[in-house]
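Supplied in structure tokens, the structure appears directly below.
Chain nomenclature is as follows: A, B, C, D, E and F, assigned in order of appearance, with residue numbering initiated at 1 for each chain independently.
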């Protein structure tokens, strides 16, 4: 169920225990071969598939396409919310839903750069509502909800999500092939970090001239469809777990 | 031309003198008969019509649906960015485009509550870039771009835009009749302000129980189509003026 | 009645339903012929005239001369509060009076640049006090309170207020002729905006080399006296309406 | 010379080495017998006397009456800027003058509560302009500029400034006797701090029911006139030292 | 080498390519059996061991004990920096070292709650210095630098760090046994999260009454000594990699 | 008693009327002859001596070494918290202790640059808790607590604390002689301010090339020991006064 298509009396009459999904993504460079909208379009597709299946047992807010993408700002067209404003933005959206009485909220992310600030925002909000014991505030990036996808999808070379890569290009070939450029010409860009397991603060130009990271030339439409199925199944599974939460225990 | 469908090298190759349109709207209560998405859907339609006509002579960023709607927060489902964060949000989006070299930018608004903060954000940004003489930073709410609409559209009763009113309901009947509820049952709510010309700070519950302001029961699909044509024509006209700007004069 | 001349027990004993006027203006460049203090001096005069007439039926706070004038900062001597600080400043002053129990507050403005941030500040404050139904928070620029002034005052050429213009120069000739320089030598500067009805973010140097906008050379002392009478009458009328507010209705 | 009476070309033509005085005070409760305006009126008088003597060798900005008075907020009528906004306010005013090229700036204070934030604001600004070696940024409270006043003025009982006390009441008897209430009835309130030399964070109600601190009943007009002379002489002396600064040395 | 023991000319003469370690930890509740200082004491010990070995090839700043511990605030004695201030605090410390010319900086963390804000702070700083290509800004929590510790240390039951748990209690038994209370009486508290892999925003009382999480009763001094050796070896290894960085490549 | 060595149930069981000491200092340049840690080491020694004597009748939080030292930032190695963050930092630490129920709090400072912001932070906090009448929030710099030290200590030349001076060098010779460089070679640097009693905003390079201010070459270990005794006695005396506070009166 999409929140935005309801009128306010309809929202008022909903059970406040319904799982709420707040999708956040980005509009940022995706190399020479994918459009700026990629992250938002992919998350939008995954959420739509999940919502179609879940029907009235989930409430989905509009997708926030403005993301935390300052590391991509050197590439023309990238739209990126300043880091502190992004914290405020995510927290405010969740807070709106808390203000309306909803208690089980999943911020569902579709862009790697939103991971840290999204968690920071939820941390802050949980502390702000520290007297509340009935709030379930969750954050997940969609590909983390299908942790075995590299084994499940036939022929995948990449073991992890990268950027404008085999995975994302495959999915885009599925849902918007007209927007996909010459991905076969894209050279592989190794995603590794030489200082792992330390995390390194980076801008994209530290790592890639073209803007992509990974192996886009290995993309196929078939991989894309399987990935989309896996990821939307991951979302659906998480929403079921949220709906089934007994409201009392940390450990399920 | 939609920015989000381009890849970054395509953005890089654009003339930086192309008019940029940044649409901002809201997701907020629209009475008992219109969906929360109304403002965003209407602005989206108007921008799409204008873009179709203007083709490659305009660059449109994704529509920001998160608006300045705290006055509507008492009505369930309203999503509203806190006022200061909203200033940051609007300024940041424009600033992204300035950072990429674009110089002629129109923030095109579809929600009354964004009017003051949108202008404040542009004021702040202009001061920040005060050494720049080649920046054209404009703000307009779509219905202000068709100032004679009340005369042009046959049968209109309202002389001005209100909220979830004759005008908005008419347009929604055109583009999403399935989302329109029982507008015929909506009682008129006078839009006046007893202290005019002073402006009064308000929350919606000061003025309306149901959430709408104006005369929704007078809506018709035909009025809606004419309004949409007028408003998209207004946008098209403004974009032409921006494109024709000689870059030097305040007064054209 | 001036707040600042009272001792606190006298303030305590006032009815909290008395209309409160909070005057805000600016100290900023006014061309080659008018002093920096112009806006504050004019608003001060108008408020003083109104207060003399209204006597104990109005409570006036000290005039805040520090305004939102960053667009004039290129001209030496302009004092301007940074935009966000200005929002805080206006909101805080109103908030002080609300904290002391006053409920009917008019922020009375004497500088065009304060219009948007003044409304933004009142909006924010109204949302902060959203549970209060007895608060009347109003914002008005003094010349908007006499909307027919161009017809009422004999011989006026300008139809609207501009900057260091026919209107302001005329009033300054009335109350501080010694501070008025060679206004007859001032060339007309057209106030128009080529992108109207879109609003354009500007700095003064976009529009005027000398700093004035309008037709100062048409000023006369007689026009000035009539303008001051019209404007103070406008303020008096608004205060009467505030005093007569029945406290319950949006529409009077 | 008052900045506000000049037009901008006159400010432009001034030597940027002229001492600038920025007066800051307060509008806050002063007991049962003195008006809210006391601090601002006294500082205004002292500055006016100094300016009359110094003539064109000093540039005085308008007095900022909005002060840091949250400790007095329990007393009706007190107007007080929130602490962080006050830091911004003071820093911004000084920064305006630095932006216009002035280099020798004295923030002249007339309210005890402004002492700490005034110094904090100047500290912050000095760090911001840390590459500048030609900036002289000074802060002084007027009574600190006449450190021997308790010996110089005949009959003074108080050895230090307090609040709405012998000193302030005496000066108000001089310049605005009509605004002074029944000071003879005011009971002495000891100004001491039991934890001296530690400084204690307080609100006024910790220390005084009536709002005054000190011995107002000992005030006389004659003491007041002498105090005003001492304090204005103190300001004049400091301005002379600023004017004579050779611009190079910390130690004179 | 400890920064704090040097005088400034000694810092000036250092190679700016020396690896800098900035240790951050916490002072927060650690159950009934461990002192508030636990995280800071453990990280201090690990850093000291590493520094002893690395000698002049590392520069260590003082340990910041003030951490991001709002989730523990319900337990008396916890000291916790507000979330946004904590971002500023971490970023500022790193920024100080960048301002002094150092380029290879490892923020070394000893408290789980600092993980997200520490990364957020480094992200922000990297964007701020986005034109710098010679900056290596790393973040690591000490136990992540010895990823195989659960296999290397004989008899460990826990596979991961928890809170006031087998691992922390063991190490405290090694370095400050006098500060360890009755850990044998501590009941196991399962660390799991029912919504994994989604991350859940929590306060400690959601998960533990006593304040610890994990199996403290399994602690031994011998496990503690081995853990300390593993963790300090992990730090030493990372510093070597930083020192050997060729300065040009993302992938080593 | 050190807070950090306690577990949370021990803190819970403490009387909330125990005096709390929050030590704050700095890590900043101290000339060519003293280490960066000087202020923190000296305050740490003084607090430790006081705590040893006061035993369970005082509760001491960990020393915050991160100070307000932007004026020293030109000297390599100085670590300095940005001014506004420093206000937040100090206020937050005090606020943590207030949140845990403690009522008698002394922020004990060991660095001149913390004086103004420390007082500002306590002022802000007192206003925030303005309804509390049982809070005793004190700020003192350690050397102010022994106002007669210049007379008490044999042979002192300086009458006041300066920076890396006779006093500080003497104390460092006592407690960390290995960290003291060639202080005998340090030239005297006059501490005076040519504009006294006005306070001047400065950076250290305005006043000293080497970084010290005062007469370090006059330092002796014997003076140092006497100073430490005086200062720790001053702290002990103040803590006794806090403990004996009857909780009701401003004046003791």
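For this structure, a couple of remarks:
Assume a residue touches a chain if its C-beta (ideal position, glycine included) is under 8 Å from a C-beta of that chain, and two chains touch if they have at least 3 such contacts.
Everything numeric in this text was worked out from a predicted model, so none of it was measured.
The chains in contact with chain B as well as with chain E are A.
Note on connectivity: the fewest chain-to-chain touch steps from chain B to chain D number 2. Chains touching both chain B and chain C: none.
Taking the options C-D, A-B or A-E in turn, the interface that duplicates B-C in more than half of its contact pairs by residue number is A-E.
A rotation of 180° superposes the C-alpha trace of chain C on that of chain D, rounded to the nearest 5. Of all the chains, the one whose CA centre sits at the greatest distance from that of chain F is B.
Centre-to-centre separation of chain E and chain F, using mean CA positions: 28 Å.
Taking each chain's centre as the mean of its C-alpha atoms, chain C lies 49 Å from chain F.
Counting partners per residue, chain D has 73 as the residues that reach two or more other chains.
If touching chains are joined by edges, the resulting network of the protein chains shown is one closed cycle, each chain touching exactly two neighbours. Ring order of the chains (start at chain E, first neighbour chain F): E, F, D, C, B, A.
For chain B in complex with chain A, the touching residues are 3-12, 27, 29-37, 40, 61-62, 64-66, 73, 75-82, 85, 88-89, 92-93, 96-97, 99-101, 179, 181, 211.
Put simply, chain E touches chain A in their complex at residues 70-71, 73-74, 83-84, 87, 106, 116-117, 119-120, 122-127, 130, 133, 136-140, 144-145, 147, 190, 192-195, 197-203, 206-207, 238, 241-242, 245, 249-252.
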